[in-house]
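Below you'll find a set of structures to go through.
Shared between the two complexes below is chain A, which pairs with chain B and chain C, respectively.
Let's look at the complex of A and B:
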């Protein structure tokens, strides 16, 4: 099978998954969730009000027609307007998604680079004191709750030392940087522990392979074995792992954005949830699921290109 | 298949734990937390947590070791009650997701065909939806309360273990020992229960420890979003309340709740590492 047929086949495979996502979301919100018109208007709504709101939202159609509407919106990318802000959902999503991306992309790169370097050091001194200490530190970093990190760092660095802005956001190029510094540092601390452990495992997996023993038997130094042979081969799982993480950068970190009042996608979602804004929740869930599926496909394709051992 | 262990597994596990100080520490933290949670659940400890015992926001002193909260309630009692919430969340969520994951994973891997296609489709669909969105949608619909948290966390966390178990079962089902069992006429149930299950136990145990601590951490996030536990103090709500307290210099509820959660999550992380080293036969060779 050549690459084109493979990609086409994989694309066809995503269709039942996307339909499944739409069905699940529809089931959760339209069948289990109760009448959103009642939720929105509260206890003291009049029957006429409810009826007109239901008509406005298209809730008076049959369930089947509503389901067809939802499926249609996946392909037309028209998710309508937010009930809360009355703005077009896609426009707001683009705007806030971009903000989330600028917030989480730099920490993502820094955290990656740092954790690969630390994992290399750890793998070089495997089984020794330094390796054990590094593993313990990364477990400790992983064990602290997100909210504790946020509160502690904000209180200490922004409030006590006054190094960073406490919270808030400002649009425009140079202005926003001062607001995303502290959240960015927190994101690095949140991800670095698990990244180090993951990359260390990947590197150690390679170190135990036969070709590494051959390289050592040839008399290569441990450093050159590690950089030339191990790292090069370990890059395949590392790169694919990084690509699968990319879509989540647009989603941002819900808690961090909400806490620091950064108007990114995460914050958008929290607001939508607090105001029972169903179209927004539906749109975000479905779109992010589609992006996730497509990135998974991309990962698999890159994997087959990078790794000649994988047969199509 | 050659049996990889000469001595019983629990003996190796115990030896691995007892030879390392860090693991002894982790195991004792887990045991103490279980004990505290049981005592709190049966009302032996902290049954008066909602009674005001001193002024509002008294700093820690010899009388009140962890100080008091805004209503003058003992932070220590709230911590103990929070241990019960955290341990029960971890336990029920891990149990629920393991049951769903193992049953579906074994069925899909063992029977293959249409069952497999359906299960794979189900878990691909669920992993595609960002975890946090699914979690929020579910808690939103199930309402607030501890049972809603158990269910929504359990329903979102079974996917990883299902995938692992399915892969492992597919690997094992064509091995000689299963074929031999078929040859002597063993039923599907017998092959699964007596022959296959003992070979995938280690995955289940490791995953249990991992899901346990992820569930405890997730509870904080839900509390922050206002979807947490309502009528009982939890570490999540205690940390969440510190948003406004910390700036005013009231550090004790935050510090002790963070510390409690840190210790238990750390202990589970360390234990799951040791479990993996002991139980995973693949690591034995290295």
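Let's look at the complex of A and C:
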């Protein structure tokens, strides 16, 4: 089977999975959960108010019709309007998701490149002073809590040195950069420690393999052994790990967006939960499930490309 | 051609420093084959890796000794000088054919790599040569096989590829570390035949590491028996089998399974009692004393470790009471 048929087949397989997820979500929201109209209006609502709200939400339709509506919304990609902002949900998600992405994607790339390079240096000097120092630094970076980073960096770099904006956001093109720099740097600090440790472990695992000994027995230098034989094998788990992190770039970091008042997806979702904005919550739940399914598929595809042992 | 003198290789372990190879010496004349036999853990692979200078740096090192190859002491060679030897003048094939090839590169790529590195061939030349090499080691339709990944091949085929890689630059010395242990019997015979033929064709010396005396009998000119990191007996092949001097060697020879249906099971197969002691529990005196049926007071350390001494002509044994002593005079 070639790669195209494989991808096509896997894509077809995701359809029943997505329908399954939608069914589960429908079950949770419309059957297990209480009546959202009641929740929204509170204990003292009048029957008439409740009835009109239920009509507005489509809750007076039969369960079957509501279920069909949900499935339809997945395939038409139309989840209606938010109760809270009255905006089209997809438009808002796109807007805030993009903000989250511009905030977290550059740090992701930088931290990824840095951590792979540092892990390779560490693996090259394994057991020696430099390696031990790097391991120690990454453990320290990992152990510091996100809140300490935020408070310390805001106070020192933004307040004391006045290099960056403390918080806030501006959607205009060059302007927004000055707002995402500081949170971006914090995101790098947050992920790089554990990434270095993970990649170092993966690399050392490869270095101890029999085929690496063969490569050395051929007379290859330690650098070519590392860059050719070790890296190509290590790339399989490393890339897999990176792809599983991708969906989170859109979802954004709740705490960071909150502290820096960045109107990203994380913030958007928290607001929706606080205001019981059911259509938004439902749309986010369904869409994130779909995104995870698709990225899983992507991981599998990349895996088959990287690893010749995997049969399609 | 190759001469190892007083080689000591140590490892740092949790129980302290161990001498995995303890003061061994041997010569390997041009075109000849030396067998190194011994139980698991006796230091055979460490000897081989010491000659390749591939002892893991973080835990092990060559503590003393000289390894003279073509008049050059390779223990003092620079790392880059040593890289020029590996895979070029001295090659090695390993015990584990299933895991010794890199799974993410094609067989062709892995053979070409050596040729490009040591002989500065272009990619096309290297490709052509790789096909010839696969043909040489008896792999059918080599022009197709060079595009295969290792997982497409069986264990025997992978070991043939390893041999092709090792012999790509026509080395002077091939170290074969239990090349057939992981393979089934018919494949074992094929691989040994192949090595024998290639040895004649390329006029190379071979160090054949094995724990199978049957392989030694068929393949080698001389044999060195290792026990706890030491060579305890060293002799031309016919002499070892005819008149073993060390009780351990005798035990090894007796434990070769033979086909004598008329004898009972016990008569057919004997074993050496006990096991190899761990390195930090090696007794003083003769390291074999606890398992030796002939052991006497002298073996227990008062007279020190028995030295490797001439017990008969060209026949060395590290035993105070060799089984077939014969001096030059008689």
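As a working rule, the second predicted complex is superposed on the first by the 299 of 312 C-alpha atoms of A that agree within 3 Å, B and C clash if a C-alpha of one lies under 4 Å from a C-alpha of the other, contacts with A are read in each partner's own complex, and residues count from 1 in each chain.
The criterion applied here is as follows: a residue touches a chain if its C-beta (ideal position, glycine included) is under 8 Å from a C-beta of that chain, and two chains touch if they have at least 3 such contacts.
For clarity, every value in this text was computed on a predicted model and none was experimentally measured.
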item: Superposition on chain A - do chain B and chain C clash or fit; value: fit
item: Broader residue contact with chain A after superposition on the shared chain, chain B or chain C; value: B
item: Which of chain B and chain C A:281 touches, first, second, both or neither; value: first
item: Contacts of A:143 with chain B and chain C, given as first, second, both or neither; value: first
item: Which superposed partner A:219 touches (first chain B, second chain C, both, neither); value: second
item: Contacts of A:229 with chain B and chain C, given as first, second, both or neither; value: second
item: Chain B versus chain C as contact partner of A:91, first or second or both or neither; value: neither
item: Chain C, chain A and chain B - angle at the middle CA centre, rounded to the nearest 10 degrees; value: 70
item: Which superposed partner A:248 touches (first chain B, second chain C, both, neither); value: first
item: Touched partner set for A:133, first chain B, second chain C, both or neither; value: neither
item: Touched partner set for A:209, first chain B, second chain C, both or neither; value: second
item: Superposed arrangement (fit on chain A Cα atoms) - minimum chain B/chain C Cα distance in Å; value: 11
item: Chain C-touching residues of chain A, taken from the complex the two chains share; value: 126-127, 209-211, 213-221, 229, 232-233, 236, 306-309
item: Residues of chain A defined as touching chain B within the complex; value: 16-17, 20-21, 24-25, 28-29, 32-33, 136, 139-140, 142-148, 151-152, 155, 159, 204, 208, 248, 251, 254-255, 258, 269-270, 273-274, 281, 284-285, 288-290, 292-293, 296
item: Contacting residues of chain C [partner chain A, same complex]; value: 52, 54, 58, 80, 83-88, 91-92, 94, 96, 99-105, 113-114, 117-118, 149, 151, 162, 165
item: In the complex, chain B residues that touch chain A; value: 22, 121-122, 124-130, 132-134, 136-138, 140-141, 213, 217, 220-221, 224-226, 235-236, 239-240, 242-243, 246-247, 254, 258, 261-262, 265-266, 269-270, 273, 286
